Every structure is written in C-alpha cells, then in structure tokens.
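Paired with chain B in one complex and with chain C in the other, chain A is shared by the two complexes that follow.
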Partner chain A sequence: MARTKKVDTTQAVAGRSPWRLGWDRFRFNRVAMVSLGISIFFFLVAYLSSPILAILNLDPYAMDRSAIDLDNFNNPIGPWGGISTVHWLGVEPGVGRDVFARLIIGARTSITIATVTSVLSISIGMVIGLIAGYFKGRVDEAIGRIIDLLLAFPTFFMLIAIARPMAERLQVALGVDDKNIATIILLVVLLTIFGWAGLARLIRSDVLSLREREFVLAAESLGASHGRIIFKELLPSLWPKAIIFLSLSLPGFLTTEAALSFLGIGIQEPMPSWGVMLEMAVAKAYTVPTYFLIPATTLIILVTALNLVGTGVSDAFDPKLERNQ
Partner chain B sequence: MTEPILSITDLQMYFPVMKTGLRTVKTGDVKAVDGISLDVMQGETLGLVGESGCGKSTAGRAAIRLLNPTGGKIVFEGQDITNASRRELRPLRTRMQMVFQDPYSSLNPRHTVGRIIAAPFEIQGVKPEGGIKKAVQELMERVGLNPEHYNRYPNEFSGGQRQRIGVARSIALRPSFIVLDEPVSALDVSIQAQVVNLLDDIQKEFKLSYLFVAHDLSVVRHISDRVAVMYLGHIMEITDRDTLYAAPQHPYTQALLSAVPLPDPIAESQRERILLQGDLPSPINPPSGCVFRTRCVFAQDLCAVDMPELREVAPGHKIACHFPQISLQKQIEIRRPHSDQPMPPSSIQVDRPQTSGPASGRDFVGE
Partner chain C sequence: MGIYIFRRTLYAIALLFVISLVVFVLFSALPFDPASLTCGKNCTTEVIEANRIRLGYDLPMWEQYVKFLQGIFIGRDYGHGVASFTCPAPALGYSFFRQECVTSLLITALPPTIWLAIGSVTLWVGTGILLGIWAARRRGGAPDHIINVLTVFATSMPTFLTGQMALTFLIGKFGWIPPPDYYEPYQNFPKFFSTMFLPWIVLALPGLAIYARLTRGFVLETGSEDFVRTARAKGLPEKTILWRHTLRPALSPLTTLAALDLAFMLGGAVVTEKIFSIPGLGRLTIQSVIQYDLPVIVGTTILAAAFIVVANLIVDILYSVIDPRVRLK
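Now for the complex of A and B:
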C-alpha cells in the first residue's frame, strides 16, 4: 500500500493548470488545430519574407519587363497572370513586379498593423475594463459613457475623413521621408483608440462577477492592495478572454487595414499591403483574374483560419459550452 | 480569558437599495445587521447562528472590517477599528483572519495551492524562517494535506481538502482571531467532522479565538463555548452553549432548536415541534418593535410597539424578549385554555388571539 502510494505521488505532483486543461481540449479540436497551423504558417512567411526573398532572389519593387507583354496592354505573358518558375504567383499587369514577393511583404505590413493594433487595444481594454469592473460606482459610470461614445462613433467614416490629412501632418511632424510610415503609425493609433472599447466592456462585466467571488474577499482579508487584487487575483482569469478577443480582432483589423488601403486612405503605392494589392487588382479583375484572386483568397484564408482559432480557443476555455463536433 | 479580543457594540450594516433609472435614487436600506453587540473572549469560540438571510455572515465580515459598517463600534485587541482605513487595517490583517464558506469560490482557480497559501506571506511581506516554500509545506502538513501537492491547482482537490487549504491560508500569519464563515456547511457530513476537528486542534495549538458563523446547530454545539442567536439583523439570545441548548428562553431559539431532528425515531415522533409560519420578513422593511413578533407564538401588543433590549436574565445569559419563555412545556399548558379553536387530534393550535395581539396565522403544531 505504502509503496504504490509513493509511486502515485511522484508521478502526479505537478498539477495541471487551467491553461494546460484548456490546451488539452484545444488539441483535440481538429479544425482549430489546422487553423492554428495555417495562421502560424502565414505569420512565419510574413516575418521571414525578407530572407525568403533574398534566397529566391526576388524584389517586390523590381519591375520585370520581360514578364509583361508590351503589345497587349502590358498584361503578363502567359496564362494565369504569368505564373512561371521565376514568378510563382505571376507578375503585376502594367509594371511586372513579382506578385509573390509583394504578397508576402504586403502580408508583413498588413499583419504587423493588425497585430500591433490588436495587442495595444487588448492591453488598454483589459486595464480599463478591470478598473471599471473592480472599482464600480462612479469610475464605472464614467468609463461606461466613454465606451458608449466610442462604440456609437462612426469610426470608419471618421477614418476616411481624417486619415489622409492627418497622415500628412504626422509625416511632417515626424520628419520621415516615407509617408507610409506616418500612415501606419496613424492607422495603429486611430484603430486602437476606437478598438479597445468592446473588449473593455466584456472584461468589465466579467470582473463584476469575478470580484464577488470569495477569493477576492480572501485577498482583501489578507490586506492585499487594489493593484495586487486586480493584477494577481483577477487578471489571470481573464487571459482566455483576451486570447479569444485577439484571435477575433486580428482578422477584424486585417480586413479594416485592407479596406482602408483599398479605399486609398491607408497604405499607398509603392509599398505593398494586401489592401493596396486588391485596389490595384480590381481594375484588372476581368482581364487578369489571377492577380485579383491571389490576394483576395489569401486574405480570406487567413481571416477564416484566425476566426476558427478563436472559436476553438473559446470552446477550449469554456467547457460548459459543449458543441457537437 | 476575561479580556475580549473582539468587542462589537451596536454594529449596524446597511446596504442601500438603489432604484436605477434616468437618475439613480436611493429608496431604502437592507438592514442586514441592525445594532448587534457581542464580545469574543480570548481563546473562546463564539457561535453565531441564525437562518439564511439573518445577517450572520454580514456580521462576521463586518467584524474584521471586510465591510465598512454603517454604525456602531468595533474594537479589536483594544484598538478601535470601526473607521480604520485600508492602510491602517493592513498590519492588523495578520492578527485577524477569515475562513470562507464556499471552498470552490474562496480559492483562486488560476493559482497553485502553494501560491494560495504563500499569498499571506507575500502580501504582508513576511519572510518566514527557512523560506516561504518550506513554511507553506509545513502549513499543508499541519492541516493534513500532502506537502508534495504544492504545485497542484484547486480544481484537483475535493471540497474538504480545499477547505483545509483555506484553513492553512488563514493560519499562515499566526493570527489571534479567525472568523469562520460557515466553514463546513458546503461539505459532506462525513467531511464536516474532520474539518471541525481540525479547527478544534488548531485553536488549541495556536490559542485562537473563533467567531463561528453557522446555521447548523449540531456543529455549533460541538465547537462553541458560547452561542449567539441572530434573527433579521438582531441578536435574540446569547449565552453559554450548555444553557442555550438545555434551557433556551427566547421563543425564536426554542423554535430553532425544535427544528433539529432527534436521532431516536420514537422520541422524534413524540416530541413537540414549533413550526414557524411564514417567511423571514424583508430586512428592507423590518417589523416594528420586536422583529420576531410576526412569527412569534407568544407575541403581545407590547411587542409591536417596543423593541426589546438585549438584557441579562441570568449571569452571562442575555435575551431580547419581553416575554421570555422559561419552559416550553409549561407554556403550552398555559396557552391551551385560551384557545377556543377545536383541536385536531394530531396538532395543537395555540395562540389565536381573538381580541388582542398582532396578526394571526401562527400555528403551534406538535404531535
């Protein structure tokens, strides 16, 4: 008896954390795992785009005159938008830049904007939501009204109205040569300002119920400070929600960036981004459909994959919400 | 033994009732605790009993200033802590602790057991000899947990084990006083005894004083030296354990005790039971005079007008009642002739005052 007991304890001393339990559930969700793989693949390709292009000896800005037919409206030579062993995804009509190079460099731009904006708005949303839910009363009331205002605000129209002139001013203020740098910073800032409110509201309502749990009272009875209760007792329970929100807001910001660039108020030529590529491609959608379909499909695949990861994460961390799989 | 470690005088704890609309207006108060006074002596266990919603847990929480009392005075170890700020209370938190009712909600599910029991040391900046980890493992051993389970999470423990974790956390800083807020009511009966015995042992070892909040009369009888009975935010009766269980004088205490079933089925079927009619009145709008009068079998006109003070009827025995009932049996005999209702064979109906007394509808049923 004593012998078996000893074996048992040494084998299972380290506990399974709620993270571990969530991951174990996530692992058995095949759709979510595949989506996670796709998302990671996209991120890797985007952030390794420079070395990849160096190895392949491609340049997103280089114009390959030999790949376009100067007699046929400068359309790419060959079927499928000029797909060949040199240009894997064809070349751009008109100028002959490599589509693959532009796609993965553009992915880096688009993904960076989406990731930075998501992380910033999640950080702000979590802190503000925690403060509103924890302190309740007047603080909550004031924050609640600000959130109402931000959520009711027609963000997109405001971005259309002010993004261009503000980007120009910011460029002057920062003294940078490339206007796109100013645009990226501006987009991140503006999208963050309007992006944190939704999560803050979610977190607030979670905190309102969480703070009534007795472990908060227990921390208080030990003399814990507000900061300790907020960041050490309450915050760990909110990470799953933040991760779900991240995987849902990433595709959101990805499409917003693409839409803004598409409308000509985001990233501008010649810097590639998925929105810029779509904007360029729309005019040629009928003559060179491949050129349009490639960035569009890529965007759809990544957005769908990220959304499915989000669903998988929320399933994994909320076992009560049992789905038939 | 003579100095009270905690002295509460006329403690009031009101929660505002807000009506939300365009403007949030206060429409009243939930008088959860409405003027209670009690002393907890060095080394004793004071049981605080009452039915659900009578304010006993609120009183326990207010006693160690987890709530800001509306009125009254709380003196802990000679120091007035009624209006002490968070900062002033901080050092005192090492002296007074609490064990919570729900072992599933009182432990943070995202922290390991080691981290939970180490929290008191971290928060108070105490560096125990031999390091925090060693101290935590000693505590785990002391409360009957395997110290090797240091890195496990609360979800891997049973209710009883979780409550042991809660006890370990509360004794980590060697307090002198612990509020036990229904520490065993969420546990299986077989586990209850183990935890109660653990609390008993720890009390002897660390010379602790307990305020034991509970609704289970048999558990309170087991652990308490003195018992206070609460009803709707007021203390009805307070005395030493043996007197309370053997010769209660307040009608409410008598009703409460008669609700405890007897283990002997024959005795059980033959005994008199007082069944209280109706529900606990709303603490937002408590009855005038004595709060218990609406359900009291013995209520008279006076009870609706004048609120009885907690007065001493014998040394160390205080009750808040105008008409203390010396003996249950005797009272029934006195009351019987007054009733002109035909008596059904299986039940005796008492006290249907036709001419005087407050509202009727209180039955006295027995076999």
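Now for the complex of A and C:
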C-alpha cells in the first residue's frame, strides 16, 4: 500500500542515488544499526590489537608461569579460568598465555582472511559475471561450464583435502619460515577459487536483462567501447547485489576459517586465530569451560552481528522488495 | 523429453570426468612422493622403487590417469606374482597405508554417513517446514518472532561449535545422553538411535532455520493468491486449503533444495562426524588427510562430487516431470 506524500515544491527535488536510498532505509533498522556498531567495534579492536596490547603490556606468545597451577595439571589459578586484573579473560591452561591477547590478535588473523576472501571473490565474481552476461554466446557458454564445475565440487571437502599438503608446497615455493603465512595465502586463494562462482551466476543473469535496456543501447549507439559500457553503464547498477553478497559472505568465510583451523587443517599453533584457540580449548572444555566458551561466544556474537547486518542490507538494498514507504 | 534426459545425462557424465581429472591432477601435483609414503621409517630404496612400480607411480601422469579410469570400469591389478593384489571394479585406487582397496574403504564408511544424512535431512526439512507454516499462520505473533530469533541464531552458530558444546556439556558435564559411539541400526536400534540423536539435531539446526524461513515466505506469498481465496470462498476447510493448495507450488523448489542438501550430506559431514566419532566418509577423509593417504582422499572427493552431480541430474529431470511449466526441448 503506497501512501501519497506531499511534495514540497519550494525545495529543489534532489535526486537520490541508490546508495543514499539504501542507506536511508538501513539507518532506520535499529537491529541492523546496532549489529553494524558491534561489527565495527570488533574490526577496530582486531586491527588496533597491536597498539592495545602494547599499552596493556601484554604479549600473546608470553607464557605466565605464575598464573598456572603446576600441581593441578597446569590449570589456571583462580576461578573462571584465571580471570584477574592482569589477565582479563584468564590464561591458557598448560602454558599460561594470556587469553585476551590471543583473542584480539587471533581476531585480526580471522577477520583479515574473511575480508580479503570476500572482497576478492566479489571482484572476480562481478567481472566474470559481467563478461559472461555482456558478451553472451560462446564466452557465456564457456564461463557457464566452469561455474557448473566449481559448483559441483564439494568445496569444504576439497579444502580439507588439499589445504595441508598444498600449504607445504607453497611454503617451499615462497621460501618463508612460517608455514602459517603460506596457509593464510592458500586459504584465501582456495576460498576465492570456490567462492566467486555463485555471485558470477547471479550477476550474469542480471546483466543479460540489463544490457537490453535503453541506456545501454543509447551508449552503444553513441559508440561507447565495451569497457566503458561494462564499467560505467552496467557496473553501477550491480553494486547493491555485491554489497548484499559481501555482507552475507563475510560471516560465512569467518566460520569456514574457524572450522578449518578447528579441524587442524588451517592455521596452526602458535599463531592465534579463533579456530586455533577453539581447537586448543576442546581438550580442556570440560575442566576449564571459560577457555572454550570465550572464543566460542566471541565468534558467535560477531557472526550473528554480521548476519543481522547482512539481512538489514539486503532488506534495504534489494530493489525488488516491496516497501510501505 | 527423452532427448533432454539423454543430453542432460551425458553432460553429467562429462562433468564427472572433468572433476575426476581435476582432482587427480591436483593431487598428483602435491609435493610428495606417494611411493616413499608406502613404508615406514626403516625403508630401503629398493622397497620404495618396487612399490613405486607396483602401484604405477613410475608411469607418466597421463598414463596414471588412464589406468585410474580403467580401474573404475574393469578393476585393477597391482604388481605381479606373489606380491600382487587386485582391486575389483569399480576400483578407485589402493591405500597402501591401510592395506586395502579404496572402494572397500568407501563402502565400509558409507552406511554411517547415509544414516547421519538421512536422519538429519528428514529432521531439518520436516521440522523446518512445520515451523515455517506455524510462523506464517501466526504472522507477527509470538511464534513468528520466536522463529525469527531462532533462525538468526541457528544460521550463526557454526556446526563445530554447537556440536562441541553439546558434546562437552550435555554428554560430558551432565551425562544426559550416552557418549558418542556408533552402532549398526539393524543390530542395536535403541543404541543406534540414542547415539545418533544428538548428531542429527546438531547437523539439522542451520538447515532447519533456512527451511523454516523459506516455507514461511512461500506460505505468505501463495496465501494471497486468487486460487487460495477461491478455495476459501467455496468453503474448504483451512487444513485442505493449506496442504492441498497453498503448499502445492512450494513443493518443487523445496524438493530440489532437499535433494541437493541430501547429496551434500552424503559426501560426508566432516565436522559432525569428527566431533561425534562417527566412522563415516567425513572422518575417513580427515584421517586420510592427516596420514597423507592420497588415494583415499582422491576417492572420497570424487565420490562426494559424484553425489552432487547425480543429485543435480535427478533434480533437473524431476523438475521437468513435476512442473508442467518447465517443458524443455
């Protein structure tokens, strides 16, 4: 039901860009805004983790022997996993490393992997989807086959099967000392390889209908080049889809990284990531529950917040949705 | 119609070939010598070389692939004389680590995965649809809100966390449910059921939320269609309207989705199987990865891909049968 609004004719009618329209709708979604705030907070803490730890004088790799009870299976001293004024979230059983320090440094690793992967998959997905939809014919057919192939692969399964041995080869090829650097690069590359196909398919079908619209025909008849039509005419109308995809893929990649490291296939000790922390904590989950519950809760909060932002974004930016405005 | 099915099947077979090729090349390019992995620490070069020839790793890669394909159709013999062994068709390779043909390993690991998959998919599709209907019928009411919150949490909780938490707290701390173990259903059904119960729920949670949300959308959408109003106007009971009219158009998209989900699950629910120690395909993969047992990894990956390709094929064919609007050349 559309309500008629009185138009104030004294004011100049300002055109509002799709961005502006979407943002205005998003702003009034209270749940989404709160979630956005939480997500931004997590990102800030993750990327400011080094200065934060420097100020607090904490080190994610330092072992505090005084915080663990050597007579009691090296479990943390004190209740709640050794939470104290020095160790805000307690210490690790066994080695006594600070959980808070590891949590925020680990957040940086996990969030970086998820963000870079999302951005890469979206860029590739958009470009390939655009090319397939724009040039149609054989190009489209060839790309369609590749997408079919990628989507038929059991992605998570493949990742598990190839990540570990490939990381070793990559480490040798790059000549780096830390295997985790190779693992991070590899995770990003592999997740991207399997991640772009879904979006490319969506974009392709959009472009197929968009390219028959008048503004594209107009540009064509004015002699615009393929590049200009693709990037200047078609691309702007596809951004909303990319934003929706970004907000939904970010939590997805975050959990995938955590799950892989949890299975012992992603990042390895001593580098912290949320998955590594959870993997380490499993054996102690029964005796020192906080050690497991802290990274678990943090992961769940961030993923939930990102998912809610994602829902909010798709509500705000989806042009097909009917609204009572 | 027949031509469509024929062409679609051919395409699926071609896709499977390409997948097997990609997987094979990918694993052959990995940085180890599969032959030197065949025996332990005190191993002589002669033994390694003998094993290399016996397992066919001395051949060029394309020949290895041809042998691999041959094995699938006619079986494969390794070596000659006393030390030889045979894997009958369909042979997917030989695991030297486990001293067993990959196919028989897969066959042993398949039943637990099938039970896990069928149980959880049934649970999530069934409960999801019922919850979705409930939410749609009480739109804006308490059930709708509860389900909204539930779906947000269920989609945000990674399976490995819910699974681990259930294991630690429900089983470890309170001992409400028997510890993980695997029983054959036809040997000890009560034990089978009580140990599979938790894995089913854990695996079903995210899917359940998605189906609830989808069904809610479908019911609300078709609920405002003319034919539903007509049905109501001619005085049909609400139950008939819901099940015979409102839900009918949702049938084919939901079947498609369920079939594809089942196929994904049949490839092995790696995380759940690992956490609950279910001896299925997922756990087999994880173990093989840790032991660098390459032939088994190749086998499980190809099998998992085959499930997806076949499910896609079945769904496409069913679609053209169920839905009269889809008439394909």
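We take it that the second predicted complex is superposed on the first by the 304 of 325 C-alpha atoms of A that agree within 3 Å, B and C clash if a C-alpha of one lies under 4 Å from a C-alpha of the other, contacts with A are read in each partner's own complex, and residues count from 1 in each chain.
Methods note: contacts are C-beta pairs under 8 Å (C-beta built on N, C-alpha and C of every residue); 3 or more make two chains touch, one makes a residue touch a chain.
Note that the structure is predicted; figures quoted are calculated from it, not measured.
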{"item": "First (chain B), second (chain C), both or neither touched by A:Pro289", "value": "second"}
{"item": "Partner chain in contact with A:Arg213 - chain B first, chain C second, else both or neither", "value": "first"}
{"item": "Touched partner set for A:Pro18, first chain B, second chain C, both or neither", "value": "first"}
{"item": "Partner chain in contact with A:Val313 - chain B first, chain C second, else both or neither", "value": "neither"}
{"item": "If touched residues of chain A are counted for chain B and for chain C, the larger one", "value": "C"}
{"item": "Partner chain in contact with A:Ile160 - chain B first, chain C second, else both or neither", "value": "second"}
{"item": "Touched partner set for A:Thr255, first chain B, second chain C, both or neither", "value": "second"}
{"item": "Residues on chain B engaged by chain A in the complex (per definition of touch)", "value": "61, 64, 66, 89-91, 93-94, 96-98, 100-102, 105-113, 119-120, 123-124, 146, 148-153, 155-156, 166, 169, 173"}
{"item": "Residue numbers on chain C that touch chain A, as the complex places them", "value": "15, 18-19, 22, 26-27, 30-32, 152-153, 155-161, 164-165, 168-169, 172-173, 264, 267-268, 270-271, 274, 285-286, 289-290, 292, 297, 300-301, 304-305, 308-309, 312"}
{"item": "Interfacial residue positions of chain A with respect to chain C in the complex", "value": "148-149, 152-154, 156-158, 160-162, 164-166, 168-169, 172, 251, 255, 258-259, 262-265, 278, 282, 285-286, 289, 292, 296, 299-300, 303-304, 307-308, 311"}
{"item": "Touching residues on chain A, where the partner in the complex is chain B", "value": "9-10, 13-18, 21, 213-215, 217-225, 228, 233, 236-237"}
